[in-house]
Every structure is written in structure tokens, then in C-alpha cells.
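In the part that follows, the structures are each spelled out as C-alpha cells.
Presented sequentially are two complexes of subunit A, the first with subunit B as partner and the second with subunit C.
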Partner chain A sequence: MDGFIAAGIIGIGLGAQYALLALGFTLIFGILGVVNFAHGGFYLVGGYIAYAMVGMAGWPYPAAVLVAILTTGALGYVVELLLVERLVNDELATMMLTLGLYLMMSTTVLVIFGPESPEFIFPVSGTLRGKGFYIPLANLVVLSVCVLAIGAVYLLMYRTGFGRALRALADDRTVAMAQGIRPRLLFPVAFALATALAALTGALVTPILTLSPHAGDAVLATSFMVVILGGLGSIVGATVAAFIVGLVEAYSSVYLGGSKGALALFVLVLFILVVRPSGLFGREVRGA
Partner chain B sequence: MRKILRRSSALMVAVVAAGVWTSWLAMPAGADCEVKLGVMGPLSGAAAAWGSAMRIGAEFAVAEANKAGGVQVGAEKCRVSVTPYDSKYTADGAAAGANFLASQGVKFIIGPVGSPEATGIKPVAERNGQITFNSGYAKNAIEPRFPLAFHQLSGPSTWARPVAKAAKEKFGFKSIVVVAPNDQGGTDIASVDAEAYRAVGVKASEEYYQRGTSNFAPIVARILSSNPDAVDTASSPPADGATIAKQLREAGFDGPIGRLGGPGTPEIIRAVGGIDKLKNFYWLEIVPTDDPGVKSLWEDYKSLMGAPAPDNTLMATSVVASRMILKAITKAGTAADVKKVAEALRSLSVEDRNLGKGEWTGQTFYGINQEISLPVGMGMIVDGKHLGVRRIDTSGQ
Partner chain C sequence: MAGPVAVRKVGTADVAAVLLCAIGFFVPWLTQNLFAYSIVNQILIAVVAASSVFVMLRMNLLTIAVPAFMAIGGYAAAVVALTGVTNLLALVLVSFLVPALVALPLGALVLRLRGVYFVLVTYVFGEILQLMLFETPSITGGSNGLAGIPAASLFGVALTSSRDGLLIAAAVAVLAVLITAVVCQHFWQEFAAIDENEVLAQSLGLVVWRYKALGFVVAGGLAGLAGFSLVTMLLTAHPSSFASLSSVNYIAYAIVGGRTSILGPVLGSTFLVTASNFFGSKGEYSQGLFGLLIVLVITAARGGIVGTAASVLRRGGSPAPAAARSESEQHGPA
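Then we have the complex of A and B:
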């Protein structure tokens, strides 16, 4: 029973991190129709900017996280404006472009910071312990920030005119444009928002795990799986799927081991996709 | 269109000219022949630190040789060049790398690094007529059917038992979980490590994870459910080892954490946040890093290359392998006849000016005596205090 509670807590923590990552990934697909293979790169860049600000410039960690979010968001804005925008209607070309961008980002990090992991530690230490469970305080802080950020994204998307405009573009770009919504203005902002979310996750999560130039690889795979499971482009789907993936990963790894656990997760995803090919909350056809 | 063609042609001429100029600059005075050394390993991804150390070690040995006027091949001195290849810690990457290097005229390869790469390169390099010097810990890192494959360091079959014995004596643990990735780069080492622990009277179990895992919290919870006295991260990449150690400590595990596997302890210490966070830790060093000769290698590197070497000890074994290959070429009097060079290599005594004397081993475990066995070290951190790295005697293993 102790292991069951501990696994559940670990699963919720993983789910919140995956949700934050997947939200950015699904926003870009939902609004722009672009499968952003560079998402892991923005996570990586966010982590390394935060590390550089803390470890090299001596800034306090919260300020470093803020700088990472703003800088990576600005980078995302520029990338969309100068590169993605030109190919935005060609799904295959944007896939290749973003994959290339990811390789460039991870190699640049490797060249600048070297292949070895730097010392980047979360400023809060200690562990909350109870009967049959433990939660590192750092994970609790990260979980809280993730939940707040997910809530903020929901408010932005469902309670503001800006969010309504973005959702209109996701639903039907042609009709949205006929209503006066200008994708050339909103696409870079949406891309910046998504990359800022990736950077926030990178800056929050890498100090509780380990920062290294390949840290974006796993992020891309996880985000992709969560978003496919939730339904490409669905914000609610991505959030629900993230928690499902987090909990299944935790329980299967604890009870079946690292190898069989990973297999169980993929079998479950495969099964759900066989039953619902468009994902849990996905639509049959993208409107945009 | 014509304008574009003209510009492209001018650019190509400039690139070729720049290439010729830089090659000429790198060539020792008077050299009119060239020996090409390939160096292979993961230069990207989780194991990039190992591949970079391998590359840097070969580059240093080559710079040394070129500074001395090149390598003696028969009657002439030839300059030595290095061609690196990123084999990405995969079998197919290493096999493709062997072919690429063959296409560049490379007959001698320092590396690859990991077991999957060693598995991939052996048949291809044998067919291409290339000598390889891998550092993988696979149970079949070298084999009698691939006589051109050499091993640049001793594997777990040599050092696991004495290090396990020393760790047990120091920390007094009775049970251990050995955790590693679930591919050949993990299982071949973890299984030998576990066997070594059992041989010295420790109850050992193995736990494997999917390579690419970044958050080990569920694996840590599973490990702790068996209530072990100690945990060994074996050949997990350093970043994985650091995360496992960090999450074990967060979960309240205060027993010793070991690492009977690949190099990377300084990276783990740094990523975890210092030795006081690791508390009790022991590890294998593939070279005894506190020995004066080994320390002087890092000083020599800095003085020749103008920058500090990485603290990854694979750099040292790569230097030894590169120096041995160059010595063998000189002894054989040819860089063209690979079989003759391999024969000369086998006949050389294992001795390095930095790492000291060693021996050729491997007959008992691999069935072929083509493994360079030099002294290894064992490092310990006890109650947050670094006790240094002591030399471990592996003779008779």
C-alpha cells in the first residue's frame, strides 16, 4: 500500500510536468498546424539560460527562470516570424525545419557548455515525509508552479479575447481571417507562448533532474506521445493525457520495472489509439 | 543563374584553398606522407562526454607525435591526422562510421566507446581491414573471430570483484541493487557486476531501465521497495547516474551508492551538488587518477594543447591506445599493411610513460589476448569526505 501511494504521488508530479510541456506542443499544432520537433530544444534552452543566469551571472533562481521564459519566448517569436511563417502551410517542410532547429539548438548548447552536466541545483531542498510516501519539497514547488501555469494558460485561452482569436484560428483559419483575425500577427505570439512554456518547464525541471545537452530528446518523445494520446491540438486532451501518462509510467515502473513499465505505457497508448485513432479528445479533421 | 554558378564556383575554390592551407599548416616540417587515425564515439547525446574524451585523447596523442616530427614509418616520418566520427552510441552508427572512415582511407580507429558500438563495428571493420580499439564493457567486446579488434581498457571481468570486495569491506553492506540501462551497454556490465558482488558474499539483484529515461523517481521507488543496503549505478551514463543518486538521496536512502562502470564520477558529483550531498559513494576509476604519472598526463595536455583536458578518464585510455597504435606502425614499418601492424601491436609490451606498466589480457574471458590491462583505481567518498583514489590490484583476475 505504501508503494501504491508513493507511485501515485510520483505519477501526479510527472503528469504536471508532462502537461506543461504538452500544452506548448499542442498549442502550436492546434493553432499553426505545425508539429514542432524543436519543442525539446526550447526546453533545453530554457534550462541552460536559467543555469547560466544562476551559475555564471549569480542571479537569484526565480529571476533566472523569468529571464529564461522571456528570452526563449522572444527566440520562439523570432523563429516563427523569420522561419516557420514562410512554410506554415507545408506540414512536411515545417517538420523538417523544426527537426533541424532542434539539432542546431542541442549542438549549440553542446559546443557552448560542453557535453558534461553542470551543477544546477534547485534552491529548495528537503523532503516532506509521511506514512508510505515522500515528496521532495523541490518537486512540490515545481508541481505548484506547473498547476498555476496550466491554470493561467486555460484562463488565457478561454477567458480572453486573445485566446478566443487563437481558438478561432485553430477551429477554422479561413473563417477566422474573414472575421478580421490576422494570423501573421497572432502566429508568432502563439509560438512565443508555447516556447515560453517549454522554457518554463526546462528551467523548473532540469535542476531537480540533471541538465545536459541531450535533455531535450526525452522531452520531444514524451510531449509527442502525450499530445497524440490526448488528440493533436486539444488543450484539454493534452492535460488529461499528461496525467494518464504520468500515472501509468509511475505505477508500471514501480510494479513492473523500468523495461516492462516502458513497454506497458506504449501498449496502453497503442490500445487507446486503436480504439480512438484521433486521440482521447481529438477531432477527426483539423479545421485550420 | 550564371551569376549564382559563378558565385558558387568561387566559394568552392575558396573552401578548397582554405582546406589545403589549414592542412599544410598542420603538417610537420618535411613530412610528405600521412597516417590517418580515426576516432569514433558518441559526440552527441547522453554519452557525448565519453565520446568527446575519446576524441580529445586521440587528438592529444597525435599532436604529441606531430610535435616530434611525425610518426616513423619505415624510412620516412609521416604526419598524423585525426578524423572524428559521431557513432551516437549505436551499433548502426558505428558500422556506418567504419565504412565512412574506410572511404577516407582510415585504417586505424581509436574507439568506439560503448558496447552497442563495439558490436556494430567489429564485422564491418574486419571486412574493411581496419584495426579498432574499443572501450566497451560488452561480454564480447573482443572476439577471436575478429582479430583486428582490440580493447583499450580492462572490463568488469577484471576489476569488478576486487572493487566489490573493497567496497563491501569499507561500507559493510549485505545487499545491493545494480541499476543500468536495458541494452547491451547496461546489461553486459550490470550482470558481471552483480556476479562479482555475489562472489564476495553480497546479495545482489539487477534493475534495468529504458535508455533515454530522464526522471528516475519511479525506478528509485521500486529499488527502495526491496530495501537494499547499497545501490550501484554500473554503466549508466553520468547524467543518469547523477539523477539516480540525487533522487535516491531525496527519497531518504542513506546507504552507499556505487559505480562499477564507465567514467564520469566528477560529472556526477557536480550534477548532484557536491560530495556532501552524495555522502557515501564509491566508484571505479579506469586509471588511478591520484598517481603522479596519471596527473602529469593532464598537465602535459594543458601545456601542449593550451587548454585543460576534460576530467573524463576515458581521455587517458584513448591516449594510451593511440600511442600504442603509432608505436606499432613504427615497429611494423608500414601503415598500409594492417595485419602486419596488428601483429606488431600484439608483440609490443604494454607500457605507457604516464600510466605505467600493464599487460595484454583477455584470453580467459574473451578467448583472445588483445585487451590492454593497466592499473585501475577505486575512489571513495565516506560521510561527505573525499578519501581519494587508490590503486587496485587486478592481477590474477
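Then we have the complex of A and C:
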């Protein structure tokens, strides 16, 4: 029973991280209609910037996280404005473009920081022990920051005029534009927001997990799975699906071991893609 | 309608592509250098894998499952060879047909959906297959892979030397380019209609998903051929040869070369494989070069090497305008 609770806690922690990642990915798809293959790259850049600020410049960790978020967000803004914007209506071209960008980002990291995983340790140590479970404090901090960030994204998307404008663009770009909403101004901001979320996750999670030039690959895989499961472009779907994936991953690694859990999850995702492409909580599939 | 001009133009490029691959047959007479053998062999495998990406790109679809189908083809041929059937023709046939048969139900189900979903499905399929290779050790040897595969034979003669391996790779590459050229030529109008405007094509009575599924089946078979060549070169079928991320390389070969004719993937593979060999021990850096070239092609020279060269020649030296849909120009007079 103890193991069951512990795995559940780990699963919820994973779910919160995945939710933060998948929110950025699904925002970009929902609003711009772009499948962002570079999402893992922004996670990677966020992680490495935070590492460089802490490990090389000696900044305090929270400040480093903030720098990572702002720098990566700015990078996302520029990338959207200069590259993605011109091709935003061409699904295939934007996929290939972001794929190319991802390769450039991971290679840049490789050239600057080398192939070895740098030592990047979360500043908070120690564990919280309770009846039948114990959690590293670091995971608890990450979990609370993730939950706060997810809450902030929800408030932004559902309680502000900016969020309403973004959701309008996601629903029907032509009608939204006729109402005076300007995608040329909002798309770069949305992209920056999504990449900043990826960077926040990267800066928070890489000290607990690992930081390596290939860390982005797994992030992309997870984002794909979560977003397919929840429905491409759906914010609520991505959040719920993230916790499902996190819990399934945690329990299967405890009770099944090896890669069987991952295999089961992928087969489930393939099945959902084929029979219900709009995902578990999907809204109408965007466009035609 | 694609006019006769377009058809003739494509014909020349197809012939050039086949001839370029056929050069592989003569390499053993030109040099005995094993490093040169290795590079040419890699190029010939890359050409086949890139042609799989190319077929899908003709219909404006991106596939990430090339390594997965390569694995199916490569492992199928290895398993057959291990049972004692080493006839080269039989192995080539197996490595084409088995992945094509796997692609058929998958394509028929998934290609009714939009392009984005197709990409995601190929991605998920690739991940599943990679895990399956590890989870089915009784067939695939699990993480050890399959070793000790007997060499292919032709008319009772075992083809064992690295020179023979090169000749096999050249033959497979010529075959793959021919298949690609014939399929793309035969379904030129259907593929072009899907590429240009799928909704319009559908409204005019084209059963779009059928042609997409057909292309996917052929692309699966082509990838299988590439897998066979790879297994022949490495003398072993191992999961690490078919890592999902290597699909990025094949996509780069096809896009950078140009998606207007099969000559594009052939030139793209030649150029990029040669370039990545120059990085030597820093082989991982070549990924950055591929990424940069993809971004350049997508943002500035949509026709890739072949398309850009063609439009430069046609305009008497003036470069193609940035981001022009040069591939639509390549389709001939509208």
C-alpha cells in the first residue's frame, strides 16, 4: 500500500510537469495551428540557461529560473516573428521548420556545453516523511510551482481580454480578425508564452532529472502523447491527460517495470488517434 | 493539368537519378579504398530511405516512421536469411513486401485524417516499433539484435565481401529510385492534386485517402529496402540502427535535395552524407548543419538544391524569389 501511495505522489508530480509542457505545445497548435517540433528545444534552452546562471555566473536559483524564462520567451518571440509567421498557414512547412530549429538548438547546446550532463543540483534538499510515504522536498517545490503556473495560464486564458483574444483566434481566425483581433501582434506573444512555459519546465525539472543535449527528445515525445490524448489544441484536455500519463508512467514503472508501461501508453495513444482523433476531451478538430 | 513539358522534364531528372545511383556499381573498379566504399554505401542507403520520405512529401505529408519501416524490412530479411533462405531476390522482395503490408492497414485507417494527425501517428508508430524490438527477443533478439546473418547469395554464389555489399546497395538504390519514379510518374496528377488542394481534389471525385494509402504502402516498402541494405552493410540487425530520431536525417536528405523530383533526394543524400562524414569524430554536429539547411530551404529556397538550380537555370541566372512556392511551378504549365 505504501508503494501505491508513493507511486501516486510521483505520478502527480510527473503529471504537473507534463501539464506545463503540454500546455505550451497545445497553445501553439490551438492558436497558430503549428505543430512545434522545437518545443523540446525550448525546454532544453531553458534548462541550460538556468544551469549557466547558477553554475557559471553564480546567481541564486530563483533568479536563474526567471532569466531562463525571459530569455527563452524572447527567443520564442523572435523565432515566431521572423520565421514561423511567414509560413503560419502552411502546416507541413512549419513542422519542417521547427524540426530544423530543434536540430540547431540541440546542436548549439552540444557545442557550447559539451555532450556530458553537467552537474545541476536543485538548491532544496531533504525529504518530507509521512505515514507510509516520503517525498523529496525538491519535488514538492517543483509540484507547487507547476500548479501555480498552470493556474496562472488558466487565469490568463479564461479571465483576461488577452486570453479571450487568443481563444478567439484559436476558434476561428477569420471571424476573430473581422472583430479586430490582430494575429500579427498576438501570434508572437502566444509563441513567446508557450516557449516560456517550456523554459520554466526545463529550468525547474532538469536539476531533478538530467540535463543533457538530448533531453529535448523525450520532452517532445511526452508532449505529443499528452496532447494527442487530451485532444490537439485543447487546454483542459492537455491538463487532464498530463496527469493520466504521469500516473500511468509512475504506476507502470513500479508494477510492470521496463518499457511495458510506455509501450501500453503508446498503443493507447495510437488507438485513440485512429478511433477518436479529437482526443479524450477533444473539441471539434481544428479546421479542415 | 500537368502538360507534356512537365512530364518530359521529370523524365530527365528521373533518368539522371537512376544513373547517379548506378555509379555505385562502378565504384569498386575506381577505387579499393574501404573508406570510400563505406561513404558510397551510406549514400546509397540514404537515397533509398530519403525516397520513402519523398513519396509522402509529394502528397504534402511528412512521415517520421521511416526508421520503423526500415526496421521491419531489415529484420524481416534477417529473419528469413537466418532460416536459410539467402537468395538475394527473395530477401529484397521480403524486405519490400513485409513493411508494405504493415503500412496498408495503418495507412487506410489514418490517412482519412488531416496531415497533422498523420505525422503524429507515424511518430507514435515509430516509438511503438522501437519498444517492440526490445520486447520481442524471441524474434528480434531484443537488445542484442540479430547477429550471424548469412550473406545473401545470387545464383548459388554467396555475396560476402564489402565490394559485394556495395553492389547490393547500388542495385537496391537503383530499384528504389525506379519504383519511386514509376509510382510518382504514374500517379503524377493524383499526387499533384492532393498536394495542391486536397479539398478541391476530393470535391472533383478523387478518393484522396486511397491514393495517400497507396503512397504510404510504397513508402513503407521503400523504407524496408533501405533497412535491408543497412542490415547487409552492418551484417547485423540491431535496434540502434533504427533509432526513431534518425528519421530526421532522411527528412533532411529529401527536403534539402528538393521535393520536386527523385533527383532531389539522390543529390540531397549524396551531399549531406558526404558532409556529415567530414565532421569525423564530431559526427553529432552534422545534425546542426542539417537543421540549418532545412530552415534555409523552408524559408528561402523551397525547391531545395534541385528546384533552386532549375529555377536559376530557367531565369537565366536570376535567383528564385524567397519563399515562392517553386514546387508548384515545377508542376508545369497550369
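Note that in this section the second predicted complex is superposed on the first by the 279 of 288 C-alpha atoms of A that agree within 3 Å, B and C clash if a C-alpha of one lies under 4 Å from a C-alpha of the other, contacts with A are read in each partner's own complex, and residues count from 1 in each chain.
Just so we're on the same page, a contact is a pair of C-beta atoms (placed from the backbone, for glycine too) under 8 Å apart; a residue touches a chain by one contact, two chains touch by 3 or more.
The shown structure was predicted, so the numbers you read here are calculated from the model rather than taken from an experiment.
> Putting subunit B and subunit C onto subunit A via the overlay, clash or fit?
clash
> Quick one: is A:114 in contact with subunit B, with subunit C, with both, or with neither? Answer first, second, both or neither.
In the superposition, A:114 touches subunit B alone.
> Contacts for A:175 in the overlay, against subunit B (first) and subunit C (second): which applies, first, second, both or neither?
neither
> Can A:102 be said to touch subunit B (first), subunit C (second), both, or neither?
second
> Should A:212 be classified as contacting the first partner (subunit B), the second (subunit C), both, or neither?
first
> Just checking: does A:78 make contact with subunit B only, subunit C only, both, or neither of them? Give me first, second, both or neither.
Touch status of A:78: no partner.
> Quick check on the superposed pair: does A:221 touch subunit B, subunit C, both, or neither? Answer first, second, both or neither.
It touches subunit B and subunit C both.
> Answer with first, second, both or neither: which of subunit B and subunit C does A:128 touch in the superposed model?
In the superposition, A:128 touches no partner, neither subunit B nor subunit C.
> Can A:93 be said to touch subunit B (first), subunit C (second), both, or neither?
A:93: touches subunit C, not subunit B.
> Which partner does A:7 reach: the first (subunit B), the second (subunit C), both, or neither?
After superposition on chain A, A:7 lies in contact with subunit B alone.
> Share the list of subunit A residues that count as touching for subunit B in one structure and for subunit C in the other.
Touching subunit B and subunit C on subunit A: residues 106-107, 110, 115, 217, 221, 258-259, 262.
> Note which residues of subunit A are touching subunit C in the complex, please.
Listed in rising order, the residues of subunit A that touch subunit C are 29, 35, 83, 86-87, 91-93, 95-97, 99-108, 110-111, 115, 217, 221, 224-225, 228, 232, 258-260, 262-263, 266-267, 269-270, 273-274, 277, 285, 287-288.
> For subunit B, which residues count as touching subunit A in their complex?
43-46, 48-49, 51-52, 182, 207-210, 212-215, 217-219, 221-222, 225, 238-240, 242-243, 246, 250-252, 264, 267, 270-271, 273-274, 310, 312
> Could you pull out which subunit A residues touch subunit B in their complex?
3, 6-7, 10-11, 13-14, 17, 106-107, 110, 114-121, 127, 129, 134, 136, 138, 208-215, 217-219, 221, 249-255, 257-259, 261-262
> For the complex, which residues does subunit C have touching subunit A?
Those residues of subunit C that touch subunit A are 57, 60-62, 109-110, 113-117, 119-121, 123-125, 127-128, 131-132, 134-135, 199, 245, 248, 251-252, 255, 284-285, 287-288, 290-295, 298-299, 323.
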